[in-house]
Amino acid sequence: MLPVTRTQPPFAITRASHVTLAVTDLPASRDFYRDVIGLVVTDESADAVHLRGLEEAVHHSLTLQKAESPRAEQVGFRVETDDDIDRAEHWLAAAGLPHRRVEVPFQGSTLQFVDAVGAHIELTSRMDVVERRMQDFHTYRAGAPQRLDHFQVVTHDVQAATDFYAGLGMRLSEYTAADGTDELWGSWLEVKGNTHDLVFTNGRGPRLHHFAYTVPDATSLIHAADVAGSLGFGDEIDRGPGRHGISNALFLYLRDPDQHRIELFTTHYQFIDLEAPPIRWDVSNPRRSQVWGMPASRRWFFEASEFPEQPVREPLLAATPATLEDYLGLH
Amino acid sequence: MLPVTRTQPPFAITRASHVTLAVTDLPASRDFYRDVIGLVVTDESADAVHLRGLEEAVHHSLTLQKAESPRAEQVGFRVETDDDIDRAEHWLAAAGLPHRRVEVPFQGSTLQFVDAVGAHIELTSRMDVVERRMQDFHTYRAGAPQRLDHFQVVTHDVQAATDFYAGLGMRLSEYTAADGTDELWGSWLEVKGNTHDLVFTNGRGPRLHHFAYTVPDATSLIHAADVAGSLGFGDEIDRGPGRHGISNALFLYLRDPDQHRIELFTTHYQFIDLEAPPIRWDVSNPRRSQVWGMPASRRWFFEASEFPEQPVREPLLAATPATLEDYLGLH
Amino acid sequence: MLPVTRTQPPFAITRASHVTLAVTDLPASRDFYRDVIGLVVTDESADAVHLRGLEEAVHHSLTLQKAESPRAEQVGFRVETDDDIDRAEHWLAAAGLPHRRVEVPFQGSTLQFVDAVGAHIELTSRMDVVERRMQDFHTYRAGAPQRLDHFQVVTHDVQAATDFYAGLGMRLSEYTAADGTDELWGSWLEVKGNTHDLVFTNGRGPRLHHFAYTVPDATSLIHAADVAGSLGFGDEIDRGPGRHGISNALFLYLRDPDQHRIELFTTHYQFIDLEAPPIRWDVSNPRRSQVWGMPASRRWFFEASEFPEQPVREPLLAATPATLEDYLGLH
Amino acid sequence: MLPVTRTQPPFAITRASHVTLAVTDLPASRDFYRDVIGLVVTDESADAVHLRGLEEAVHHSLTLQKAESPRAEQVGFRVETDDDIDRAEHWLAAAGLPHRRVEVPFQGSTLQFVDAVGAHIELTSRMDVVERRMQDFHTYRAGAPQRLDHFQVVTHDVQAATDFYAGLGMRLSEYTAADGTDELWGSWLEVKGNTHDLVFTNGRGPRLHHFAYTVPDATSLIHAADVAGSLGFGDEIDRGPGRHGISNALFLYLRDPDQHRIELFTTHYQFIDLEAPPIRWDVSNPRRSQVWGMPASRRWFFEASEFPEQPVREPLLAATPATLEDYLGLH
């Protein structure tokens, strides 16, 4: 039996689409995302830098905002039309969730809300259209990231988070559960037809663990690591390269100058047909996290970006020391 | 102005999913698709072989049927549920198109019809679920094809074909048109969120030009060519490797023992947001077909698989000799 | 029985090392080799540009010299020490071959001569040492060529050319011969421990067919093609990608603005142990030239760079029309 | 000033060529090297299995011998001719080093000796010639290792080991030294024209740290890791993937069923010209060991294969705890 029921609300989220980060040194962060990661700068001002992946026709998928302290400001999703924004607004009001309409440069109708576990979510229906750059091969840098793909959020209550997004039409593709139970430790939720747009894992939250861009292949991933090394950011790789059992991603995680985390990964598998059941992994199975690869660093496990004004809560499911050591691969 | 209007019928096609080919030497064809291409054999009998890509949880995406002469039997798409099949049946009846319910082994409710330009189309709502094999890395062969992705059909009337599928909810992502006009020469239509599930190009039709599987990366594509070479099928590459301007695919085309054509390609770009307009290419622009690469062979241009009992008609748009030479890159 | 006898003269050539080309538009050629190919510019003046591969510690492996008309000026090899240059000079005098000492900027003792079939050869014992750049990954462009590897020269007399270089200590690794004979059509000669430093093929000569740089892998080769395409040089690929049977090279050939030809290829195999015999290929076996891949263009077969003041002679072995068509793969 | 003087003895070593390992479960070891690593089995008996890389024309580069306990039996090098074996025998006698002529199946004249620091070395002049398999692309498995490339030996006295092999004609390409001194901690020695055939590092020795095979590219390296994972050997990766500063190798280390260690790596750079000086790295510079990548495991640093009957000695240069932690990257 699946631990989650999916329903379609009167509006449709179509994909994970953009993220807004508060950063303390705007030029340093811009240089990092442009030169070490390889994103394209679409627009730049004294207060903000907008970037996108090489294939993206949207104005931005990453917004850096100058601030006093680093924060994950908004995790962004797309809906199809302005009408979806209107219907989402009504639905949020009925659900009693904090929300507001906002004007965001280069975006169409935009709505922000706080979800069931405290993450800051932004929905928009449109962005300014810019040129896709994936055929400007001579401008490729580093990992040549093509598009923003998904988010991972640490939460104190994975079940509540999963139920909330299943209620927004998201579908569970894979999940981790305590051995012999359906106690959810992690959930991989999707809406765009592959394994995830949004992931929740158990821990102190809400915090944004990472946002992820696709890269074309394993060679691009290694080249991204090489470029990080040659530009002096080799130590900012806090996990990988390795292969996740869940979703089959070949991954590399890097920390930006404010220690926000970005994942570069090759793509996951298609997940469209309804008869395919979600894949269950025991949380004690180390292959769920890596089929091979060196253990993740402690900072990969314990560090993440907080949202503004959202208190961080201890997880409902407490890791025993034994489990934790296993989780870290430190036996 | 777009040359095509999209409407949603009362049923929803979700993706290009499977193809049925009539082949004259079943073991030879099985060996080709298993050893030269790298597909997984799911099931095998005296009359038919079913194969799938490495990541596919569906029973089959390619069915080979023993026959007296080679034909493209069915081009297959998925719908979400059995109800979609019922609604499709009513819709086809109202539209006056030939159609029939059929029992197909390993599939759920299945409906076959002949489309507006004579192609044989099969819709199904479900397949038997089998294990995804993309993490059995030690079993990878040749190009390690992951999943069936799209079809290309040659038709005498690209405009009619495009209008028909836009009326089934498909969206135009790219198209070719005669210079300075909106006279359609080719249309790339999608439903699953990237550039195409179904392509129509101008020529003698209806004929299936090729069906396409994704491969993980450029290295896999080259390895597929190397394996074709070492197994004695090097001459069965009739185009590529090269890079299409349209959709940005890195491609390799091979002919099977009956001269059915399969494309292996790395993936295309995401195409979900509604504000992104389709890309228009003049049919005289050689970059639409290849950004680089040796000219395609004559047989790539002129040979394709006929459908059973469907007369092949001359194209409405006649290529002038000059255009043809240009088309072939033979200047 | 081998068609060639190898002897060691009193000096030792160690490797193919550098090439000097006369070019008509110096900035255009520099841009091509820097941006489309990805070489590093070491030095630049009004009359000459010196470039090198990413891993090379030598000052230059490619020298472009401004001239009225395009020519292959010098094909360069390294010897170990200044003493080798002295001994080579005596040897050439005794052999009665045209030769001269020259001063070449950034090089140690340098000696030029005309070989037995009219090719212009330059030997040097030393170059200025510069920094290897292969770990400046963020500066990689296009195919990221690592080092100059070998030359191919078209000659009217392959046997004479082969005998000459075998007499300079070069070893035959592979060769093509007319069916059932040992009539040499092509010879692959090496000195540095893999399959070739110098190749001779039958045709109108002496002309330099191409010089070759290694690239790290198939992905780099495809990226080189993509970059050529995106910078408008897609049509300057006159062969490939494809796989040579001989030496197992995965190859791509491009023409520079003066139509000099450069090959990018992944590496060949090690060839050190004396017991390994050379590999013989019948000239009628198409796999010698390509295991797979589209036929080479006519210009790849018939165009090459002449040496200054060296008359081009018709080949001793005349191709019959039938053979030629086969050679071109135009059946 | 270089810390090492190179001289040429009256015989010439041409390359690192083969290794003999004592293993406790012959079928398990064969399966590992054939299926997880991808070597070709040339010959198999009740007592021994001989394997080679895909491009190798020599009968074997790895010999597994059934034994009671695991040992590194012989580290093998090639000389050019039988005469070199004779001259080496005289030279070893004059040097007073333990040595003996032996008959080894499938090999020509063979001589074994114990070197200055206790490593077991075997020289041979010839092996049976077998077919190169690099163009049997359909038989490629795992990392598709092409050829044995080099050895790394842990020794209590790096300076003595380095002096010994410099006296056999090997050339220093890179080395590590204590800060501000020329106290050798590690030496990379070569004879075949790229950065190393034989490496010595400071520690308890003599022990064979690893032997290394080349793989074609980064994608092959990742595929090797994936295959190790899917065959249940993911935990046997004890370091990597990562990039060494020294020699620029992209590396992956795996342990076999007896915990012998094999390295798979993409190739290093060419090192032929005499004017290129060796590269010096301070032992405190972490980039020498990795430009990027997770810290090596403890077992990578401290475990290695002993030679038969050779007492293991404590290193002359003692690591301080601070240095060690730094060395391990455990700060």
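For clarity, chains are labelled A, B, C and D in written order, and residue numbers in each chain start from 1.
One rule holds in what follows: a contact is a pair of C-beta atoms (placed from the backbone, for glycine too) under 8 Å apart; a residue touches a chain by one contact, two chains touch by 3 or more.
Just so it is clear, the model here is predicted, and its values are computed rather than measured.
*Asks:* Relative to chain C, which chain has the most distant C-alpha mean position?
*Replies:* Comparing chain centres, A lies farthest from chain C.
*Asks:* Which chain pair shares more contacting C-beta pairs: B-C, or C-D?
*Replies:* Between C-D and B-C, contacts are more numerous in C-D.
*Asks:* Where the centres are mean C-alpha positions, what is the separation of chain B from chain D, in Å?
*Replies:* From the centre of chain B to the centre of chain D is 49 Å.
*Asks:* For chain B and chain C, what's the span in angstrom between their mean Cα positions?
*Replies:* 42
*Asks:* So how far apart, in whole Å, are chain C and chain D when each is placed at the average of its C-alpha atoms?
*Replies:* 33
*Asks:* Pull out every residue in chain D that's touching 2 or more other chains.
*Replies:* Correct list: 135, 217-219, 226, 229-230, 291.
*Asks:* Could you please specify the touching residues of chain C with respect to chain A in the complex?
*Replies:* Residues 35, 135-138, 140-142, 217, 219, 223, 226-227, 229-231.
*Asks:* Which residues of chain A touch chain B in their complex?
*Replies:* 14-15, 17, 55, 57-58, 78, 80-81, 108, 126-127, 129, 132, 134-135, 146-147, 192-193, 216-219, 245, 248, 266-267, 269-270, 272-277, 291
*Asks:* Which of the residues in chain B come into contact with chain C in the complex?
*Replies:* So the residues of chain B in touch with chain C come to 217-219, 222, 225-226, 228-230, 234-235, 237, 239-241, 243, 250, 287, 290-295, 297.
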